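Next up, some structures in structure tokens.
What follows is chain A paired twice: with chain B in the first complex and chain C in the second.
Up next, the complex of A and B:
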């Protein structure tokens, strides 16, 4: 799984470098997020601006991560557009995850 | 939008690594008649169907051989078929899929299921979805109407 990460105070910004998130790489996505949460990162922004396709398997990985996070903190999604944003809306995940148009917007909110 | 070839027919191994290339080929075919947004819905439904066929067919140990994907324009609709030796989706579950299966209780995130959305995504992304048999094969037929 291609990704980059950057810390901004207490917030961890993870930028996914894959164009597609689907069944073949969903387990890696889950492992990445769960691993960071278990390591104590409880304010995470997942930047999806480079992702142009996501399926329900990847969605399951995100759900697994937000369940792991629970009341400990926040897992926010940023930069979702096109089919990725459509999937989040279709599956009501726009009600479950805090969504931001960009990583900058998410960081501004979480750093408040 | 340019004209599409009459029929697109592709085969893939029962391997998740093979899904995206087939899905992208069908998406490109669909884009010519449905436009970008419609083609994206076809791509999503197809990925869900193929993933389901590969994961569940293989887990039961009954699935053999390759899976075939056909796409064609039929009148004012784009028809995408997934043809397999075992049911592409579990029989009887398509009828139970739909919007209600995607409801979430935002006050109880802990109870959210990680899986189980694929069939509803297929049904909600397409205009008609049926599972039938022909020549000892199961065929999941997914129809998207061409607007305009």
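Up next, the complex of A and C:
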């Protein structure tokens, strides 16, 4: 799975480089996020602006990651559009993840 | 044709050639040996023939002497017998020789032996009688017969020379000396014969003067010189004897004869002179015999030496041949034992390798380095092949085990799938609601499931579950989610809130298990309405009898994400002719070959376009649409659709 990462102070910005997040790469996404969380990253912004499709398996990976993160950490989703945003809305993920229109917005909010 | 046969043929040819060469050499050498042996016999025969000729010459002179001095001279009683004896020996020796011509000549000599013996008997008898007239008459006949016999023997001698030839210088020398002896003796004996006759008759038929004798002596001297030079090449000792004879004839015999002539002319001292002359003649004969013996000894020694060298050559050749044959046999043995036999073994080992026979063979010692190397390589091939075969066997075994495990898993999965399918009711009516379904699992076990059942007081429950992912784990969670949801709906009282039942289901859902999305519906056929809870599941679509289409719900958290989540309960009308479409996301998340999603919008559009269709027709079209978009066989997610229709 393609991705890039960038550290902004205590915040880790992960930008997914895949157009689709689905059953085939959901385990990698889960490993990536769980790995970062186990490494001690408790503020993660996941930039989904390049992703144009996400299925329930990928959503499962996100939910697994937020469960691993616990109540003190933050896993924010940024840049979701189209079907991805639709899925997040359908499943009311705004109650689980902070959602931001863009990574910049997410960073601004988290750095406050 | 194989190596063994080829080598056998080649070596047989080689061996045959070798045998032929050895045979030719041996037979040539053996022939040489035979010839050398024959040469000895022939030489003896020639010597005997020479003795016979000289004997006959001597006998002629002897007979003449006897007649001239009847009774007064020394009488030898074995003359002619010695010659006959020598002729018999010659004849016998030649009859043993392999040459037909020589045998014939031998037989011719043999035929003269008996008549000659007969003359000898007659002559001896007559001489013994002392009758002078009879002796005279008999001797005259005898001399003629002897002369004839002598001439025949000389001719035979010539014939033998022509037949045998001069084999080498030594034999040539021997022949020349023998010819010389014959000539000298002939001259001597003729001289004695003639002289005897002259003495007998008292008159000289051939008037001889001292001068003539001296001339003859000189002539002898000249001819001697020519012979001597030639004979020197042969043997110096014999030359010494020959010159001895020559000087004896010149210095003793001829002067004695001259003295006899002078005595006869003077009429005095004839008897004494005659005795001196006879004694000189006899001495000359003795010298000639001595030379003949020397020449014979010399030639026999020479021929024996020739024979010995032929025997040595024969022995050497036999030894050499045996050696060559032994080496040839040893070569055959080495080729067979150390090359051909190992090659044959190699062939068998290779055939075994080809046929997969890989049992180890005993380690054999090979003499040749190359063969050893090849056998070592073959051993390595065998070990490698054995290892490879073992690996293949293990792989096949493993593969069989995997196949068996897979078969068992598959059978378990099929059994589980049957159980799962058994959970889902067949299409049909429940109270006044007709349920039609479309279900296409992506795998044997599905993450999707649904159920509908009658509840009390005209209520009908419907649920649809979608567990994230698919396969065995999703299938098992799906079964659990199905049971949990069904229990939640069944336990719901008529006055109870559906949202509370779902909240409870969510709260008790084991957080270790995968989350799932759910739509739970409760139809009330009495009131013509329905209520539903949407937990992360796609929005159900309500198609009213008038053809209007409504997407129900505002979304909601899936079950198992947040234990304390709240759920919204949505009421909707559901009267006769209304239809509710409940479906999993698989129906609109399928991708086409351009990896393009079908999307919810397209699906709702599809429904809107087919409002007029019967449910059955619609389901048929759904399948067609799915097929057209991505192919039902290529589904990446389970697809389930339940249509509830109030009638």
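One rule holds for everything that comes next: the second predicted complex is superposed on the first by the 111 of 112 C-alpha atoms of A that agree within 3 Å, B and C clash if a C-alpha of one lies under 4 Å from a C-alpha of the other, contacts with A are read in each partner's own complex, and residues count from 1 in each chain.
Convention: a residue touches a chain if its C-beta (ideal position, glycine included) is under 8 Å from a C-beta of that chain, and two chains touch if they have at least 3 such contacts.
This is a predicted model, so every value here is computed, not measured.
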Checklist entry - Clash or fit: what happens to chain B and chain C when chain A is overlaid? => result clash
Checklist entry - Just chain B (first), just chain C (second), both, or neither: which does A:89 touch? => result second
Item to check | Touching partner for A:5 - first (chain B), second (chain C), both, neither | outcome: neither
Next on the checklist: Under the stated touch criterion, which partner chain does A:108 make contact with: chain B (first), chain C (second), both, or neither?
Outcome noted: neither
Checklist entry - Given the touch rule stated above, what does A:59 touch, chain B (first), chain C (second), both, or neither? => result both
Next on the checklist: Looking at A:70 after the superposition, I want to know if it touches chain B, chain C, both of them or none. Which is it: first, second, both, neither?
Outcome noted: first
Item to check | Touching both chain C and chain B, counted on chain A across the two superposed complexes | outcome: 20, 22-23, 53, 55-57, 59-60, 63, 67, 83, 86, 90-93, 95-96
Item to check | Residues of chain B touching chain A in the complex | outcome: 16-17, 19-20, 40-41, 43-44, 47-48, 51, 54-55, 102-104, 106, 109-110, 112-115, 117-118, 121, 124-125
Checklist entry - For the complex, which residues does chain A have touching chain B? => result 20, 22-24, 53, 55-57, 59-61, 63-64, 66-67, 70, 82-83, 86-87, 90-93, 95-96
Checklist entry - Inside the complex, what are the residues of chain A that reach chain C? => result 19-20, 22-23, 26, 53, 55-57, 59-60, 63, 67, 83, 86, 89-93, 95-96
Checklist entry - Where on chain C is chain A touching in the complex? => result 466, 468-470, 511, 514-515, 517, 536-539, 555-558, 561-562, 565, 585, 589, 591, 595, 597, 599-600, 636-637
